[in-house]
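Quick one: this structure, given as structure tokens, is what I'll be asking you about.
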Amino acid sequence: MSDLADLYQQVILDHNRRPRNRGKLPTANRVAHGDNPSCGDQCSVYLRLDGDRIGDISFDGSGCAISQASASLMTTQLKGKTAAEAEKLFGEFRDIVTTGNAPEEISDIGAFAGVHAFPARIKCATLGWHAALNALKGDPVTATTETHKD
Amino acid sequence: MSDLADLYQQVILDHNRRPRNRGKLPTANRVAHGDNPSCGDQCSVYLRLDGDRIGDISFDGSGCAISQASASLMTTQLKGKTAAEAEKLFGEFRDIVTTGNAPEEISDIGAFAGVHAFPARIKCATLGWHAALNALKGDPVTATTETHKD
Amino acid sequence: MPDWNNVRADFPILHQQVNGKPLVYLDNGATSQKPRRVIDALVHYYERDNSNVHRGLHTLSMRATDAYEGARARVAKFINAADSAEVIFTRGTTESINLVARSWGHAHLKPGDVVLTTEFEHHSNLIPWQQAAKAAGATLKFVPLLGADGEGGLDLAALDTLLTPQVKLFAFTHISNTLGTINPVTELCRRARAVGAVTVIDAAQSVGHAPLDVRQIGCDFLAFSGHKMCGPTGIGVLYGRRALLDKLAPDETGGGIVVSVTYQDATWKPAPERFEAGTPNVAGAIGLAAACDYLDALGRDKIAAHDDTLVRVAMEKLSALPGIRIIGPRAGAERSGLVSFAFTGVHAHDVVTFADEDGIALRGGHHCNQPLMRKLGLTSTTRASFYLYNTVEEIDRLVASLQRILKFFGP
Amino acid sequence: MPDWNNVRADFPILHQQVNGKPLVYLDNGATSQKPRRVIDALVHYYERDNSNVHRGLHTLSMRATDAYEGARARVAKFINAADSAEVIFTRGTTESINLVARSWGHAHLKPGDVVLTTEFEHHSNLIPWQQAAKAAGATLKFVPLLGADGEGGLDLAALDTLLTPQVKLFAFTHISNTLGTINPVTELCRRARAVGAVTVIDAAQSVGHAPLDVRQIGCDFLAFSGHKMCGPTGIGVLYGRRALLDKLAPDETGGGIVVSVTYQDATWKPAPERFEAGTPNVAGAIGLAAACDYLDALGRDKIAAHDDTLVRVAMEKLSALPGIRIIGPRAGAERSGLVSFAFTGVHAHDVVTFADEDGIALRGGHHCNQPLMRKLGLTSTTRASFYLYNTVEEIDRLVASLQRILKFFGP
């Protein structure tokens, strides 16, 4: 159970039960969709770019607790960031979920460190992020996690 | 070696070295071709039907000693026979090569009894016979031993 | 009656711990485990007889050919085909269906024709027909599924209007891998025949679980996979009626299927060789024959009864869980030994991950059945699928695990 | 240098008597034998890890997926592919070539186009191109073979005229299974690239016998079979350059290859999944990876040198037999470890049957190379093909057996 408790941290359960920024963002000027074809998880990310910063962001979709909580937490983290900052943060997030090492100064996204013990779930954790980055690139195509090597 | 000596009886070696009735029969009014696609053995049978009897018969082709000797011996056996007699004889021949039992009253074709110990060679021994029966049926199509269950 | 506990001893893989708990393998709908006898058949082949088949005259090659063709005859008997030549070895159900969709589809489908299938086919018995219909300009139509939870099975009344003479081919599953529905295949074949439609049955979920007789069913083609019936991976079967096979062109071409080849052209051997270009999965076929022996020694009727016992127990106990939605028919003659369910508020993947922590192997997802999921308003379900080595105690462990999960994710 | 006698101990099948004599297996061109390590890998998989891949989140399924994808990475390394995704698992060479001929051919070939191949292709690298050319209204052309006995190899001068911009695809074998010719594949790819033709290499006879590097060769596609390189039956590979694969439509369709499916339509995952519909031969892939490990541990350069030693000895001793005609190049850099020959007055099948009586496994026939046989004025040859476990003493036994046969059939 200790691995599982690590995977389903309180933060994650909380975001899963009460997702933040969920639903279509009416003012969005960018949108992208992510698919995890093996699982059927789906995630759409809506964002409004104000200049080069993310003015507002939301997500919608269906999937496991990991994918939904990750997308929810992500929206709270990306608001106000530039594309470059978002990419940097995703890099850190990806390191956390693949290695299990969460640097101390990183707080909320560190809750996903437990994912690294469940390699099949890494795709779930990164699904929303991939969609967000695609939206930032202005790339409305479907992001499928199968094309990404994480 | 005893199985092999049984397979390559003197009669067979003799027919292989000095095939009888080999070559195209100029007066033929029936012809059929046999193919053993797995081995590449080939055999064409030419015959002249005079009324309901085989007036003359020859064969041509290439293949192993068993297939060539069998076709050669066959031509010597079928001359003068009716289609019904030819079919009966083939039935006997097939029994011999599949069971190894050659009734005493049967002479030359009994030499093929040794084939039964080499099931993969049964097709070689029957190739010419299949072509001959097809020719008798007026069926000029290629007989492939793959379609026959012997 | 076989002693089902002895049966477990035949399967080496079952005797292991997963996450510190004895393995409970309930993912038989995806693939089955292999008895010692099947593994031994593979080892014996590679250690004694391995050789290429058909084209050799030396001892090993003749032994390999006899074993391979013997396997074909064994499989023919397993499904009661009239003739071994009606058994074509493929990689599995998917390849078997593709073979028919391409070879038969290319030769027979024209614009305006209809290909009929059902609303709950596995992607492997759906997409090949989408492709064949598109290539020919034909239309793909679907026999509806009845009931909000798919509990009503195929809409046989709708079949009256759907089965017109425009229908050239009717493809349907014997048992749904998602709903557990057992289709009335003999009746479906009879009705298809009445309008002259060719029938293709996806028997992936059925052939290893209950007696099956292609002549009694009266189908034209039937596809299945070895790996779901205690056989090796990489081997499957397309059964086809001889009269139809002999008129089909080969699907794949190459060595072993030809009578005569020139630089520009080739002519084909009859079935089954015509459809088996290249070196086949010889060991796989031999392992599949060993699986047939194993299942028939136990009795497929007994296996079906065992599956039925388990699914009745499972459905009764699962129904009592809060917020559960079970899809497919009730336990009984129309329900096979599997059960798919969804919980309000807990996603299938989280269920599977938690169950795995308890040593229980389940499957969660769309089960290669996306359009059906959408129709039922679901994105995924959790599936427990049973086989001969499962026990009632394992179902108790499943239920206990699910209770714990519901508690964890509960409000 | 590996100790080649120890190598024999790795292959259980070799230690048996055939017709009362120790087995001499010289039919490696048809299929190779399997070392203990490969057999053990299969058994281990079925006894510990067996599960369906990709779609499962439970422990066995993750283990099976890791092992299967690990096998893909292992094979990618074996041929030095840039990316595991360039390795598609198929049943074997024949299926790999069919996949390209159909998917690529359907998308790219038009009337007036030319598909180029050679006069000495195996049926599996000939008939699929006949079919593809016919379907598209394209023309199939052949690079000639030089020499009355095929000893001159490919006519590279003729290539200058044949390799026009009309040539859309050039398919050729790396090593001829009948002649033993080793083609200059790097040069052929370079020249094809110069006219913009896609290259397809049939590596069935080469990949297990010598080092092979797809990037150094510069090919677009390359096909091979596991069973000829110490791996299991029923598994093979299509290597394809990523840039080309991502633009190809799937060949077979079904579960596992899709992103999204509706009742009427489907969208595809990228390579390699796109080309692997249905449950793959998981155990086969794992066994193939074990074969890669085995061969690389010995060193493929050493295996090539060993093959070369054997073929030199064999050709020297065989040349001395009366009435023998050996086809293909002389021993040396252009000759692989096999030798095909014909005797005046003694047919190949009689040779094979007699040799078998001495425990020696040879192959006789057209070697899936009918047009080449016809060109050389032959109907069949006898072939002895060597591999890592063969010895010089075995060649002596072969020669002695052939002498006895010639005496038996002699005048």
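Order as written gives the chain letters A, B, C and D; numbering starts at 1 within each chain.
In this section, a contact is a pair of C-beta atoms (placed from the backbone, for glycine too) under 8 Å apart; a residue touches a chain by one contact, two chains touch by 3 or more.
These numbers come from a predicted model, not from an experiment.
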| item | value |
| --- | --- |
| Which of B-C and A-C has more C-beta pairs touching across its chains | A-C |
| Euclidean distance of C-alpha centroids - subunit C vs subunit D, Å | 31 |
| For subunit A paired with subunit B, centre-to-centre distance based on mean C-alpha positions, whole Å | 77 |
| Distance between the centres, which are taken as Cα means, of subunit C and subunit B, whole angstrom | 46 |
| Subunit A and subunit C: spacing of chain centres that average the CA atoms, whole Å | 37 |
| Subunit C, residues touching no fewer than two other chains | 55-57, 258, 260, 349, 353, 364-365, 370 |
| For subunit B, residues that touch 2 or more chains besides their own | 38-39, 121 |
| Arrangement of touching chains [line / ring / star / complete / other] | other |
| Pairwise chain contacts under the document criterion | A-C, A-D, B-C, B-D, C-D |
| Parts of subunit B lying in touch with subunit C, wherever the complex brings them together | 35, 37-39, 119-121, 142, 144, 146-147 |
| Residues of subunit C defined as touching subunit D within the complex | 12-13, 16, 18-19, 23, 25, 27, 30-31, 33-34, 38-39, 42-43, 46-52, 55-61, 91-95, 97-98, 119, 122-128, 130-131, 140, 142, 225, 227, 232-235, 252-256, 258, 260-266, 277-284, 349, 352-353, 355-356, 360-365, 368, 370-371, 374 |
| Interface residues, subunit C side, partner subunit A - complex | 346-350, 353-354, 357, 364-366, 370, 373, 379-380, 408-409, 411 |
| Residues of subunit D defined as touching subunit A within the complex | 54-55, 57, 62, 65-66, 258-260, 269-270, 273 |
| Subunit C partner contacts - residues on subunit A that touch it in the complex | 1, 3-4, 7-8, 13, 17, 38-42, 62-66, 68, 118, 121, 124 |
